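After this come two complexes, each holding chain A, first together with chain B and then together with chain C.
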Partner chain A sequence: MHPNLSFDQAPPISVPYRFFLAAPWFGVLAGLLLAWSGGDVLVSRWTPEVLALTHLVGAGFMLQAMSGALFQFIPVAVGGNVWRPRLVANVVHPLLVVAALLLVAGLLFSSPAYLTAAVPLFLLGTGGLVAAVAVALWRTPATGMTLWSMRMAIGGLAVTVLLGSLLAEALARGLDLPVIDLTNVHLAWALGGWALMLLAGVSYHVVPMFQLTRPYPLWFTRSFGPLLLLLLCAWSSRLLFDDDRWVTAIALPLLLVFSAYAIMTLWLQYTRRRKVDDATSLYFRVSMVSMLGFALAGAVVRLHPEFGDDPRSIVWLGVLVFDGVFVSAITGMMYKITPFLNWLHLQRLGAPISAVPNMKKMIPADDMTGQLRLHVLALLLLLVAVWQPSLARLAGFAFATSCAWLAWNLIGAARRYRMFTNQIRAVVLHP
Partner chain B sequence: MSITTPLFQHHKHCDDLFADAESACGNGDWEAGGRLFALLRDQLEAHFSSEEELLFPAFEAATGMTSGPTEVMRGEHRQMRDLLGQMSSGLADRDGDTFSGAAETLLILMQQHNMKEENILYPMCDNALGASDIGATLSERLKAS
Partner chain C sequence: MTRVIDGREMQPPEPMERTLEALEMLPDGDELLLLLYCQPHPLFNILKNNGYEWTENLLPEGTREIRIRKQPG
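On to the complex of A and B.
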């Protein structure tokens, strides 16, 4: 049988769930760290606290959630079989959790020992993930741009981690490397080559599915990923020759590509056939509007040095892209994937489908929209707090609380899965 | 036009009906929602039965694959019929939660199912049954529904 035609290859539910359930706690830690540190730390992207916050969200929240989504998505959407997913997840998941915590501690306390301890764990964890996923992505007989985007995203993750490891070693050992340029390249691959590439590839599949939009146009999906990849390679050339005009000449098209994806997604949503709004569609809208804001503000900062000269402007852009774009999109997706996975696995237990609670019984809609409102409030507070340090502690608390609420909602879904499983087994065994 | 083009187009038609029925019931217009839902259910039933009675047997006869992809699709048809039954109960009881919960689940299941058919099974059918006139029969049957 063609692998794309069966859910049988979908991993055990515990595989994606361990990543989904861990992700929000990194957000909680990030919020608490900001609340504890106060507003002065947001003055520059290079303060230990901001470096730690960035990696709690990027290497913690985002990497966890996106790894879990990869395990789930590859078999179902592109027909690839990840080799022994439970075993790979058993190894990769704890490695990535510990590596992220060590990295954050290393950056926060400027500790060479923690940094050098984090590097091999990251290389092992992401190396295992990339290898397992890459084999699945290259062996699948499926075709299409979702598949190609996922292949490129995995490459983007590998480049991100390799550059990040080099940077961590440079910091820990005081190596003579162009740290600022390397960081800018590392960040571009993390946000563009890994996160956006994967988000776009997944969007081609789920945006039409969740909201009955038209498909992304073929010309768009065929050009978006390769163009993004090409621009990231060009952006990386700043390591070889540091000409400011060249950097601007690459940065602007790069931001244009970001906004093209946002505009296309917003347009498809605006013209969608399904007019029902839910937490997922609203989260996606928050994400796409944030992406447009990021691209626009990024261009202003690049073109008008009087704005770019204030180091807080880069911190502000960071809040918008990490929290506004990616935490929003990821949360929105988890709110749709988790209830469906519950239903999918429950209906395979053998009971009549009428005995299986529907998707809306998995996470109460009010809890999801309430958490969404708090997330948006926290995002706005964070954006203001960059310029008004007195608000930073409040913004940190708000972000920590919104992530804790997300964790609570996801734990609730996992708990209901267990409860419904017991109920259904009782029906199947004692009809 | 390939053999399976009418089925492909009919998916879009059913998507439109789904969106309209869900929207009407979501707005509390149970009368219109009921009419639209009946239409959706009839059209989906016509679609499922066209595949189960015409396309799948022809494909199985041409390829010898009787327990493969077509079996998976039949199983998903059963699941979707069951969810339509739950939506129908919700509609009869004017129970918005039951209706919308089953609708949400049906939507995701239906979209995954359609993608698998459109990307994999239909191209396989077009290859296996290229010389037959089954496409015209499918088209007539769906138009008559």
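On to the complex of A and C.
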């Protein structure tokens, strides 16, 4: 019967793949930029190089991978359908790539022309993505906190991009705006409202599924997203009144919420009955430990400002959260999503189940764990390089190489998909 | 008769593979019970497009009981 089954109308495999295949190259660029610039640029979060590095990872690597994941997760995790996904991706993907590169160039060279050129492209690209995804997320009959977290994350992306556009215009045109406060609010929405909200929502679905843990407790999933959203709104109120005690009163619960997600995920991994220590599980562990480190160090800096006097401490926190938390979790996720995508789309070709290769054949396990080891080494080097500038070039090369290896592994998965497709078509046409 | 597939400790796509295999041999009137910790939307789409009906029940500890049978007629 299986060869006659009709499969769903999920997006063509090229839609998520084009985002996944583009993401690592932004990481390669970030590593090369650091290797070229050297360690002196890591002295403060406000150097042009650090601003460029942050956006190569945040608006490049992370935004690309997370956009691709959205296209794939909406049908698979919440049963929704994005309107004409190929068309939306054809428009949104190049816009986001060019916008991110222009933004990075604008920040790196302090160029008003590049910054003002990036803004409309970002607004169009993310606007198109948010609109298409939001319609799909509101139309689906599914329920549950994965769906609600994805809805909130899309809102978080919209706020992040609007604030970012305002900041870019302020820098380009010299507008009289509270740039530091706006940046802190922009960053909180980017990391919390968009990245963590989406990561958590997707985790509710994929951590039990792929890492064979028990599900996240209902009390946790029901309270995590709304609490995070509430705290982000409270954090944004720093734009209205400037009271350091209020900022601390919001920052600490916000960091506690970050840690709660990390502790819950580590606990679920620790208490699972069947241990699976594949690259994804290990990547998640690196991510969650980094998140705990980020929350703890962030709280120390907030409560004892003398630790935060050295501006490098904020750069160190940035390395931990961008690379340690999000690049790790996203890479781990891509190592499960791409093989699963291959398998799902190969199933649709109508071959008997036995003719469809196992998911484990899509990316060799050794390639993933080798890349993971290099990623961890690069992360450690980056964390040390903030305080030991002589290591920055080496750290940059290590990060660039680990991202290039990730790209190679994902390209391999795409190549194998094509090869297996040809094999299966041959079986179906000439049984 | 009810056949049970406990997919809670299986890595994807094994639960879906086993379910599709079991559906091949499911006699009219019999039921397939699938236990999972998540909602298998890709499977739901396959069931919907191929004349199966299913019910879903979420247990307090997070297990989803998905009961599948052929649509009558």
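Everything below uses one rule, namely that the second predicted complex is superposed on the first by the 424 of 431 C-alpha atoms of A that agree within 3 Å, B and C clash if a C-alpha of one lies under 4 Å from a C-alpha of the other, contacts with A are read in each partner's own complex, and residues count from 1 in each chain.
We take it that a residue touches a chain if its C-beta (ideal position, glycine included) is under 8 Å from a C-beta of that chain, and two chains touch if they have at least 3 such contacts.
Just so it is clear, the model here is predicted, and its values are computed rather than measured.
Trainee: Using the overlay on chain A, decide if chain B and chain C clash or can fit next to each other.
Mentor: When both complexes are placed onto chain A, chain B and chain C end up clashing with one another.
Trainee: Where does A:K361 make contact in the superposed view: on chain B (first), on chain C (second), on both, or on neither?
Mentor: Touch partner of A:K361: chain B, not chain C.
Trainee: Output check: A:W343 vs chain B and chain C. Expected answer is one of first, second, both, neither. What do you get?
Mentor: Once the two structures are laid over each other on A, A:W343 reaches both partners.
Trainee: Considering only touches as defined above, state whether A:A10 meets chain B (first), chain C (second), both or neither.
Mentor: Second partner only, chain C.
Trainee: Which of the two partners, first being chain B and second being chain C, lies in contact with A:R273: first, second, both, or neither?
Mentor: both
Trainee: Taking the superposition on A as described, I'd like to know which of chain B and chain C A:P215 touches: first, second, both or neither.
Mentor: Touch partner of A:P215: chain C, not chain B.
Trainee: Check whether A:V76 is in contact with chain B, with chain C, with both or with neither, and answer first, second, both or neither.
Mentor: both
Trainee: Please indicate which partner A:A142 is in contact with in the superposed arrangement: first for chain B, second for chain C, both, or neither.
Mentor: A:A142 sits against chain B and chain C alike.
Trainee: Any idea which of 21-29, 93-101 or 111-119 of chain B is the one running into chain C?
Mentor: Of the stretches 21-29, 93-101 or 111-119 of chain B, only 111-119 runs into chain C after superposition.
Trainee: Shared contact residues on chain A, chain B side and chain C side combined as an intersection?
Mentor: 1-2, 4-6, 76, 79, 142, 144, 205, 208-210, 212, 273-274, 276, 340, 343, 347, 353, 359
Trainee: Which bits of chain A are touching chain B when the two form their complex?
Mentor: Spelled out, the residues of chain A in touch with chain B are 1-2, 4-6, 76, 79, 142, 144, 205, 208-210, 212, 273-276, 336, 339-340, 343, 347, 352-354, 357-361.
Trainee: If you look only at chain A, which of its residues touch chain C in the complex?
Mentor: Spelled out, the residues of chain A in touch with chain C are 1-2, 4-10, 75-79, 142, 144, 205, 208-210, 212, 214-215, 217-218, 273-274, 276, 340, 343-344, 347, 353, 359.
Trainee: Under the stated contact criterion, what part of chain B meets chain A in this complex?
Mentor: My answer: residues 15-16, 18-19, 22-23, 26, 68-69, 72-73, 78-79, 82-83, 85-86, 97-98, 100-102, 104-105, 107-108, 111-112, 115-116, 119-121, 124.
Trainee: Under the touch definition given earlier, write down the residues of chain C that touch chain A in their complex.
Mentor: 8-13, 17, 20-21, 23-24, 36-39, 41-42, 44-46, 49-50, 61-62
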